[in-house]
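Several structures are given next for inspection.
What follows is a pair of complexes built around chain A, which joins chain B in one and chain C in the other.
Presenting the complex of A and B:
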């Protein structure tokens, strides 16, 4: 049976796409610098991509949307701060930040995964509040951690981590600027896009590997998978560890583009944008494809980026874009919950 | 002694927090009258918000993080009342009346979404609050002054579009608190007298266990003695001067508490409990489950709206864009501190939880300053406690459900 085009593409994507076209038309009408806006969209797409990709293993293994992004982000931030503490700059710095965060992310992911295995069916709400608790606990640790590099510590006290640690002089915009080139007034951040593409290819290859296929089986039908001799809990654990790891690497890539490591309460709501992005891309709480991650991140970031200059034109105080972001991202997640919910599983 | 053990286990959470508060208080070296005075006012202004969570809990919908939507209804009502120039107690009454239709509509709209996301109500209500906050901000930042004319420029930002982020509630601050205020010992005496009358009535009417009654009489006598010593004996002068009790607000809290208790003995309340206990069975005996859940959401939103009005009259300024933000999280944490769970909560638990949670909230920064030389540690720690208790309770609850489901599955297989 042939589905209609609307059913195949999905209503939310059509609405958001139409909204995006409308915003672009407004951009042209108000004579915005389209080249700069397109460049911004591409940068934001690249910097948020891996964070959104962290949804993939979690959904694949049956643990649903990864609301534990902040836990991975914390691991990434610790790794990143260590690289700054040791004064590592350039590519070595980025690589070190990722490498340092790996063991931390694996440990956090293991504990978080163990917990999620005991609360099957309620992963979202438990994951969200465990993440909130972890972020608020880390606030105390940021104050107490024995970093000594003055780039990290508070200027006068000399102890405790600052609320934002600048990466200027370390690896600020490294992946964005190296090997970048300009086409039609649009700056292409080659290495940033390459990093996201590499991550996507690796995760895609993983999903085709034996472990990946077993994980998918465990996620799609846990009862059947268990009957076939697959250890569902072990698969879920691996998926969640991988998700946490991706979130950790994701925040390092994000921060080098942003130019700062943001600490304390900054990671609190970091799950929402990636969740909204993959849902917008076509994923559900139970199924996901790499394509959903890519399309979703692009659409979501495009909406937010293009809305900014248009909103500033309409209301100069700059708050309208933020309001639009709140409504769009939470609206998308609510819509997805209403689509998937209804019955107790 | 198993009975004592059971009571102990049942009240483990409040006991833990009582010990934590006592420890923090002893080591903080905080001044007693200051702490008591602050905790009394925090309790009075937050209790109704916490009470509003009871309806959805008993209807089986878990913790309603969406009471922030009720808080928004309260703020909208206050805004228009202030715009109309009504102040004082009349202003509060007008706001309380105006928030009713708003809260009913908001609660009904929330239930439309929650009835389509059964089993995921808690995360949905949280997201709904975020979403509603966006719409609310749009209304206050752009529509008011931008599309809807506002005749008083004092309320607007310089550009004439959007409401200022802080509104001073001149004339309405303490409008409820100051209606009836006494010093702490007068309040103790009045409480002891009322409690005594009730005890005598209980003793004559119900003839409860004599030991239990004797304990309560002893407690009452102690309260009476404290009151007499403080008021007439000249003891604890600092407390007499510094601790003022907002009796009117506490009476409103008590009224809301009694109404909620009474509600759950009515037919409607009984049905709500039944749905909370077992949705399938309730549905089988002909209860319209979705209708009951809608009622729970409307009542919760309504009580939260009233609660936010009481809260703001104590604070004295409306932070238009942020006053509602953490209402759901802090109220839920307070309820859980009192020993409630995701599926069961009582009025005394809500009140005890509010008291303990705000006691900790007051003391922890002082203790942090004393123990670690940094008040920030205490501040972060109290936020961690709020999120932590919610996270632990939700995990335990989900774990129990999973364990039960696995057990039934095993049983079916055998």
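Presenting the complex of A and C:
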């Protein structure tokens, strides 16, 4: 005998999926361009995927949801700006952005992980505070950084970093457009999806490696881990570093699709979408599977994307549509947080 | 007839866990003022039946159950533990249920804290401040009724399991308006004397008209204190008996469907008698395990022997293995094969050739959400690089080797499970214990430290496990340090038995020493006998 479908998929996912269908039905009723909307959903799914995947190692190692994503995002942004500073374009540019951000993310992750090891059990609160502090501190540093490329610096002053740095002429939409093709009016961003898929496979392989399994053991039961000779703190540190690293790479992929590097206060909000996504997908603060990341990112991004044109139609007045969008996206985040009980066994 | 009406009737109870039938058509009557024993092998469904009776979440979430429950003749719907308490049904769970951040006293009175009355008039107790001094008093009385000495202000998380068990019993026995008390293997972690106290208390509760459902694997207790017996096998009632008209052997046969042979302390085939040569020497070893402090242990373990560590709970016998593994602060000189061992890190101790089975399988022994195979493999993987294969620069898990190893132990130890990929937390208590043993044996240790390995294990499995330990010792020459609260068990397999009292070795006795001598030594009286 199999478990019932509801028990296996989980009620929250069924509810969200039903909501999504309802929105789609409204799209059809209001005669929206379904092809374009679907294309948008796929792009947003691809560009947010790796950021959501950054939750995986932190949950695995027992540190819970990583609200310190902005720290990794900052590392990624610095790496990205360096690639622009050196005028690197095309695939070289994206690769350089990722590579430059690696050492920065590892260093940041190390410090952040050391800190989290001293506040076990309060990771969420501390993660949020540290993120605020880091973002505020960076607001000063962005102004002081010695970048010289006019694509980065303020036009008139000639120093300091702008609030948004455009990637046009560097690698704007590179992964989205290269090798893309169109079926049934839907544009498939082949390389963008491939990048997310590759990251998933790598992390899945990691979870089946020695370090991955020991990390899971340390996260699940620190006392078991201690009795088996596993250093719980070292495992948590590795998990946080990996999470920070994924967030850094994630923001580069995100930005090349978005077309801009957004600086100053922008990183602050980058934690919520990934957190909401994995929770919607069925993860808990203690258990997570790659499947949860993929399903959750899809559901979360799909709802937000589809809700927008519908809101525009139902409330043509510009202000109201924006309000509706905010209500839907924050409502979903709230709903996801309520579901942090996750998938039942 | 009014007076013949049973206190509790379970009628045709059936229950499945995701398609796996664990109870089928179980009916059971408990009379008023009766102690009714519920027996059965590990995984027979005893705890599940009791969880149904308590309306545990676990049952509802996994699809509820079929059948009917009658309390004093009235059909009742028990859909939450709260409802069960209102109806006067209370339970001491097999897996301890205590609030970790609370002290002993707070745990005993949790949910029923005494409050300070402020002013006059009735006020909702929820809004009044807790009267901590009265709370401490009440907790103390509850513990004293069980003849337990425990500091009410100790944080519960620091206690060893034995004492936690007492706290849990004190909490439940103390509830007002209680009609039916369920005890799920309360004596598993207790030694004989402690268990005796509990049985005493149960007998007195029974006289006051309370009905008790008592689950245990110790048949001696059943014959001594229970009125009637129901035996479960594979989720169905396998038999019933009145304890006056049956024998331990007959019950055992009902439980496992076959006759048990005596444990054979077979001859040492290839390794001969244990030598006098010490393999492990402890000089001034101390371990600061709260509630089980080891003050100063001077002890020699001889190569190839099975050394028993016995003693009352709280005296420090548990502290030895935990301290050696570095799970609590410890120190002193530990010499293994002439070389001093560095303490404080479990990994280096395991690599030096130790294997460790914790007395606390829930908290230390198992990853309850992970599969059986992973549970068994992880320590050996980390410390000896087994179950790994190199792929380029990374070490990947060799799933096939891991599974083969798990299957081997599932077979050898008769672990009842749906397969090696079943989460360990879903196994019945006894089978979880076997997974812990398999995990230690996978390390292929030279010295095995086992603490309470048969705790919560049914008689068939216990038999099997003791035989496994004996075989390891006899056929592979593994030295075993065997800590147990059950003196009988120690005497049946050990070569020497060291009694630990007040954190020191009170003396060492041969297994065939008279029982009185063990008793004297445990009670801390000075007995001059050592160097056996």
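The rule we apply is simple: the second predicted complex is superposed on the first by the 312 of 345 C-alpha atoms of A that agree within 3 Å, B and C clash if a C-alpha of one lies under 4 Å from a C-alpha of the other, contacts with A are read in each partner's own complex, and residues count from 1 in each chain.
Keep in mind that, in the parts below, a residue touches a chain if its C-beta (ideal position, glycine included) is under 8 Å from a C-beta of that chain, and two chains touch if they have at least 3 such contacts.
Quick caveat, the model's predicted, so the values are computed rather than measured.
Peer 1: On chain A, which partner touches more residues: chain B or chain C?
Peer 2: Partner touching more chain A residues in the overlay: B.
Peer 1: So in the superposed three-chain picture, is A:122 touching just chain B, just chain C, both, or none of them (first/second/both/neither)?
Peer 2: Touch status of A:122: first partner only.
Peer 1: Which partner does A:205 reach: the first (chain B), the second (chain C), both, or neither?
Peer 2: second
Peer 1: In the overlaid three-chain picture, which partner chain does A:42 touch, first (chain B) or second (chain C), both, or neither?
Peer 2: Touch partners of A:42: none, neither chain B nor chain C.
Peer 1: Looking at A:214 after the superposition, I want to know if it touches chain B, chain C, both of them or none. Which is it: first, second, both, neither?
Peer 2: After superposition on chain A, A:214 lies in contact with chain C alone.
Peer 1: Taking the superposition on A as described, I'd like to know which of chain B and chain C A:237 touches: first, second, both or neither.
Peer 2: neither
Peer 1: So, A:287: does it touch chain B (first), chain C (second), both, or neither?
Peer 2: second
Peer 1: Tell me the contact category for A:323 with respect to chain B and chain C: first, second, both or neither.
Peer 2: In the superposition, A:323 touches chain B alone.
Peer 1: Between chain B (first) and chain C (second), which, if any, makes contact with A:270: first, second, both or neither?
Peer 2: In the superposition, A:270 contacts neither chain B nor chain C.
Peer 1: Just to be sure I follow: which residues of chain A are touched by chain B in one complex and then by chain C in the other one?
Peer 2: Overlap of chain B and chain C footprints on chain A: residues 344-345.
Peer 1: Which of the residues in chain A end up touching chain B in this complex?
Peer 2: 115, 118-122, 124-126, 128-130, 132-133, 135-137, 139-140, 143-144, 272, 315-317, 319-320, 323-324, 326-327, 330-331, 333-334, 337-338, 341-345
Peer 1: Give the list of chain A residues in touch with chain C in this complex.
Peer 2: Residue positions touching the partner: 1-3, 205, 208-211, 213-214, 216-217, 220-221, 223-224, 226-231, 286-287, 344-345.
Peer 1: Show which residues of chain C lie in contact with chain A when the two form their complex.
Peer 2: Chain C reaches chain A through residues 16, 18-19, 61, 325-327, 345-351, 356, 358, 363-370, 374, 378-379, 381-383, 388, 394-397, 399, 423.
Peer 1: Could you pull out which chain B residues touch chain A in their complex?
Peer 2: Checking each residue of chain B against chain A gives 113, 116-120, 122-124, 126-128, 130-131, 133-135, 137-138, 141-142, 146, 157, 159, 161-162, 374, 376-377, 380-381, 383-384, 386-388, 390-391, 394-395, 397-399, 401-402, 405.
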